[in-house]
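Should a chain be cited, it is by its letter among A, B and C, assigned in written order, with residues numbered from 1 in that chain.
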Amino acid sequence: MKRDGDMTLSTPKIKSSGIIVEYDGKRALHGIDLDIYPNEVTALIGPSGCGKSTFLRCINRMNDVIDNCKVSGRLMIDDTDVYDPEIDVVELRARVGMVFQKPNPFPKSIYDNVAYGPRIHGLTENKDDMDRIVKKSLKRAGLWDEVRERLDDKALGLSGGQQQRLCIARAIAVNPEILLMDEPCSALDPIATSIIEELINELRERFTIVIVTHSMQQAARVSQKTGYFHLGNIIEYGETNDIFTRPKNEQTEAYISGRIG
Amino acid sequence: MELIGLMFLALIFLMPLGANIYGRTRIRKLMITSAQTQSEESVKQHSLTAFHGLFMSMCVLLPALVIILCWLAFAPMVISSLLVSEISRLTGETDPRLLSIFVSKLEALYEGVLKAEFVEPEVRQALGYYSALIARANIFLYVVAIFTAIAGFVISARQISPRFAARDKVEVIIKRLMQLASGVAILTTIGIILSLAFEASRFFDVVPISEFLFGTHWSPQIAIREGQAGGSGAFGAIPLFAGTLMITFIAMLLAVPIGLMSAVYLSEYASKRLRNIAKPAIELLAGIPTVVYGFFAALFVAPFLRNNGSVIGLELSSESALAAGLVMGIMIIPFISSLSDDVINSVPQNLRDGASALGATQAETITQVILPAALPGIVSAILLAISRAIGETMIVVMAAGVAANLTANPFESVTTVTVQIVMLLVGDQEFDSAKTLAAFALGLVLFFVTLMLNVLALYIVRKYKEQYD
Amino acid sequence: MTDRSTQTAQSKHLKKRYRAEKRFKFFGLAAICSAAGILLVLIGGLTQMSIPAFTHHYVKLDIAIPETTIQAEQVTDPVAMRKVNWRGMVRKALRNEFPEVTDRSGKRAIGNLLSGGAGDAVRDKVLNDPTIIGSTVEVALPLSDDVDLLLKGLIDRSLLEENRVVSDRELTFIDHLEATGRIDRRIAWFLFTSGDSREAEMAGLRSAAVGTLLTMLVTLLFSFPLGVMAAIYLEEIAPKNRLTDLIEVNINNLAAVPSIVFGLLGLAVFINFFHLPRSAPLVGGMVLALMTLPTIIIATRAALAAVPPSIREAALGVGASPIQVIFHHVLPLAMPGILTGTIIGLAQAAGETAPLLMIGMMAFIVDTPMWINDKATVLPAQIYMWANNPERAFQAKTAAGIICLMVFLLLMNALAIYLRKKYEKRW
C-alpha cells in the first residue's frame, strides 16, 4: 500500500493498524492498516464480501453484537483506543454515528426519532433545548422544510429517501465526530440518492465521514479519499482522483474498469 | 396488627420511591458543585440522572424483597415445627400423626373456623403461644426487612457521584434478574423430579419397586385404623398401565385419521376462505377445558354407547374404556390437526410443483411426496398427542372406572394412572401413608414416560427442521 | 390394434387414478365434517342441556311480616336477623293457601314445595327495605328443584307415583298454585349471584368465579414477569451455549408435561414443604403459573424474534446500550404478541382442573373468597363437583356452568385474536 505525500500533513482522525476480524474462527479481515483524515469523506469500495462493511462496523464496535465475532488489532480515534476493554461502548457510539444500508427509522414519530439519541445520552433535560436540537439536526439533514409541519407524524410514513435523511438527522443529533455510512443509498432511487450525496458533501465540513458504497460513481462523486478492499485486504488507498484515474494496483484497475464485480 | 402489616407494605414500596428521588437530587447537586469548583474543566456525568435514582431504588427494594420472600416461604415451616414441639411439651404426645392433627386444630381455632369446645384443653393452652409466635414472627420480618432497606439506602447513597456508572450497574442487576427468571424453568423441572423421586422412594421403602411395576393386582385401600378388615393394600400397577394404554390407543385410533386427514384437506384442498374459518375454529376448540369433555363423555357418549350397544347385543359397562377413549380422541383431534397442518405447510412448494409437473394427481402428490416428506413432523405430532393422552386426567376421572381391571375388552371398565393419582390424593388423608405416596410413584412413572415421548418428539422435529432450513 | 389397446388400458388406468383422487378428497372432507359434527353435537348438546338451569320457577305469595319478628333497627344486626324463623314464615304463608289441608304429612308436603332457601327471599326483602315490617308484601319464593323440574317438564307426570320424586298429593298442590296463577318462571339470577350450595336451586357460580379470578391474578403476577424476563434473556442476551440450549430444551419439555404432574409438584413443594395454605388461590395460582410459564416464554420469544434486527441496529448505532435497546424499542414492538401469548396461556390455565384437585381446590365453598389465601374453588372444579352430584337438577346446572366457563374462555381467546389482528405488523 502506498500513500501520497500530502496525506501526512494533518493527523489522522481514525488510525487502524492490523485490524483482524474473525467470525467463528474464519478470517474476514486480514489486518487492515488505514488512516482516515478529519473533515473528509473516505469511501470504501470493493466487490461484495470483501470486508468493507465489516471494517466499517469495527469503527463503532457494532461487531460486538454478533456472537462469535473476534476483533484484534488496534484502532484509535484521536487518542482513544476503541478496543480498550475499559472503554464504554455507549460513549463511543455517541462519538461515532452510523447510517445503515436500509433506512431504519424507529416506528415512532419523526420528532422522537431524532430526539431519542440526545435523550439517552442526557444531552439536555429541557424541552426547548430538545426542540432546538431536533430542528438543527433536521435542518442539517435537509429534511426540516419537508417535515416541519408534521413532526408528530409516524416516521414510517415518510418516503424512502426522507427516511434515510431522517436516519442521518438521528445520527447527527447526538453531535458525533465521525459519521459511518453503510451503503446509505443502496435502497433509494436516483433522485433521493443525489439529494443524499449533496448532503454528504455539506456534512463533510462538520464530520469525518466514512462511507461504504458499491457504486464507484458514487465514490468518485462524494469522496476525497478512496480505499479499495478485496478479500479482506485493503489493496489500495489514496486520493479519490488518483485511484480512479491512475490506479497503481492491477486489481484496483480491474475492479474500476468493471472486470471484477 | 392488620394496620401495622399494611403500613409495612406501604413503607416497603414507598422507601424505594424516596430513594429514587434522593438519588436524582443528589446527583444533580453534585453536578452543580462540580461545575462550580472545577470551572476550567467540568466533569461529565457518566449516567443519566434517572439511572442514579433507579440504582438507589433497586438497592433499597431488592434485598428487602428477598427477605420478605424468604420469610413467606420459610416462616410457616418454622412456626409449625415450633408449634409441634410446644404441643408435644404440653400434651406429652410424641406420635407425629397426632401432633399434626393437633397443629391443624390449633390453626383452625386461631382462624376462628373451629370452636374452642371441640379442641383438647392442652391445645387450647397453646393458643396464646401460637398467637404470640405469629406476632413475633411478623415483627421480626418488619424489623429485618426495613433494616435491610435502610442498609441498601446508605450503601447505595455513598456510591452516587458524577463518574459513577449507575447505568451499567442497573443493567447488570436487570440482567441478573432475567437470568434468575430463566432459571425458574430449570428449577421447576428439578423440583418436579426431586419431589416425585423423593416421595416415590419413600413409597418404594414400603412396597418393592418390582411389585409396583410388575404386579397385576391394584387395590390401594389400606386400613386407616390398624386391624381393620381388608387391611393390606396391593400396589401392582400393571392394570393401570394397561388401562391407560388401551384408552390412549382408542383415542389415537379416532384422532389420528380424522386429525391428519382434516389437516391434509385444509392445507391442500380447502379454499382460502374455508381455511380462514377452520384454522381459528380449530385453535378455539383446542382450548375447550378437559372437564367439559369429561362431562360430555360421562353424560352423552357413555349412555349413548351403552344404549346402542344393548340394541345390537353388546354388553357395555357404563364406564367403558371405549367411551373415555373416544372422547379423548375428540379432544386430541384439534391437537393433531393443527400440528400436522404446520408440518405439511412447511414442506417446500417446489416438491409439490415437481410432482405435479410429472403429471401426478393431487392425491398422489400428497400421499407419495408430501406426506413422506412431512413424516417426521407427523410422527412427532402423534408422539406429542400420545403423551398428552396419557397425561390427560379429567376425561378419564369423569368417564373411566376406578376399579383396576386387567382386561383387553374395550367395553369393560378400566382405570388409568391419572385416575388413580386423583383418587389417592383427593380427600383428606395424611400425607405419609403408602396410599398417598403411591400417587407420587405413579406420578413419577407418568412424568418419565411423557418426558421420553416429548424428548423423542422434539428430537425428531429438530432433525426434520435441519433438513429443510 | 396394440396401440389402441394400450390407449384404452391407459385411459382405464387414468380413470382409476381419478377415482382414487376423488376418494382421497372425499376422505379429507369427511374427516373435517365428522370433526365439525362431533363438536357441534358437543356444544349443541351442552347448550341444550344447560337451558333449563338459566330459569327457575317461583311462587308469588303474600307474606305477613309481623312486628314481633324483628325491629326495623335490628335489621343490620346479623345475629338478630339469623334468629328470625324466615323459613317458618314462608311455609306458613304457603300453607295458608291450602286451608283444607290439616294433616301433618300434608302440611309437610306443602312445605317441601318450597326451596330450602325460600326464607332468604323474605329476609333480603326486609334487609332492603325495613319499612315493610308489620305489613304484608308479595314475595316471589323459589320452589324446590324437584318441583321446578316437574314444571319444566323434565319429570314425567305419567310415571307411577313410587317412581317419581314428586308425590301425587304434591302434584295437586302444584296444579292448584298454577291454576291460580301464582307460579311464574324467572331468570335464575342466583346462578351468578350466590355461592355453592347442597341444594340445586340455591347453588350458584359466584364463589367459584371469584376464586378463578383470584387464581388467575396470582398466575398472571407470577408468570407474566418471570416469563417475559426469561424470554428476553434467552432471546436477546444469553450467549448461545450448552446451558442456554439446555434451558431451551427444558422449556419445550415443560410445555408438554401433563398438568397433573404440576399438581403433584404443588402438593409436595408448596403445601407439604413450605406449608402454604391448602385450597388457596395463592397455591393454585402458583401451580398454574409454573404451568403457563413455558407458553408465555415461547410466545414472547417468538414475538421478540419477529422484531426486525434493523431496529436493534438503529438503536445501537445512536449509542443505546443493549438493555436500552430492549426496553425502549424491541419490547414495546413485541408487546402485542407477548400479550396475545399471555392471554392464551391464561385461558388454558383458567380451564385447568386436574392440578387444582391435587392441592385441594375443590372444596365445598359457599362464601366468596376475599383474598388469595382464603379457601376457594375455581370454575372448572365447581363444574367437576356439580357433575359428580347425583341430584337430577345438578345436571342442567353443570351444563350451565360449562357454558359460562366456555363463554369466559371464548372471550379471552377472542381478545387474544383481536389483539393479534389489530397490532399485527408486517415489516
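By definition in this document, a contact is a pair of C-beta atoms (placed from the backbone, for glycine too) under 8 Å apart; a residue touches a chain by one contact, two chains touch by 3 or more.
All values derive from a computational prediction rather than experimental measurement.
Undergrad: What are the two chains with the top count of C-beta contact pairs?
TA: Top-ranked chain pair by contacting C-beta pairs: B-C.
Undergrad: So which chain is farthest from chain B, going by the mean of the CA atoms in each chain?
TA: Computed centres place A farthest from chain B.
Undergrad: Quick check: how many Å separate the C-alpha centres of chain B and chain C?
TA: Whole-Å distance between the two chain centres: 20.
Undergrad: Rounded to the nearest whole Å, what is the centre-to-centre distance of chain A and chain B, using the mean of the C-alpha atoms as each centre?
TA: It comes to 51 Å between the two C-alpha centres.
Undergrad: Measuring centre to centre with CA averages, how many angstrom lie between chain A and chain C?
TA: Distance between chain centres: 60 Å.
Undergrad: Which positions in chain C are in touch with at least two other chains?
TA: 321-322
Undergrad: What are the residues of chain B that contact at least two other chains?
TA: 167
Undergrad: Would you mind listing the residues of chain A that make contact with two or more other chains?
TA: 90, 120-121
Undergrad: Of all residues in chain B, which touch chain C in the complex?
TA: Residues 73-74, 76-77, 80, 167, 170-171, 174-175, 177-179, 181-182, 184-186, 188-189, 191-192, 195-196, 198-199, 257-262, 264-266, 268-269, 278, 280, 283-285, 287-296, 298-300, 330, 333-334, 337, 361-364, 366-367, 384, 387-388, 390-394, 397-398, 418, 421-422, 425-426, 431, 439-440, 443, 446-447, 450-451, 454-455, 457-458 of chain B touch chain C in their complex.
Undergrad: Using the touch definition from the top, list the residues of chain B that touch chain A in their complex.
TA: Chain B reaches chain A through residues 45-49, 165, 167-168.
Undergrad: Using the touch rule from the top, collect the residues of chain C that touch chain A in their complex.
TA: Interface residues on chain C, with respect to chain A: 239-240, 308, 310-322, 324, 328-329, 333, 425.
Undergrad: Could you pull out which chain A residues touch chain C in their complex?
TA: Interface residues on the chain A side: 60, 62, 65, 67, 89-94, 97-100, 102, 104-107, 116-117, 120-121, 167, 170-171, 173-174.
Undergrad: In the complex of these two chains, what residues of chain A are touching chain B?
TA: 88, 90, 120-122, 125
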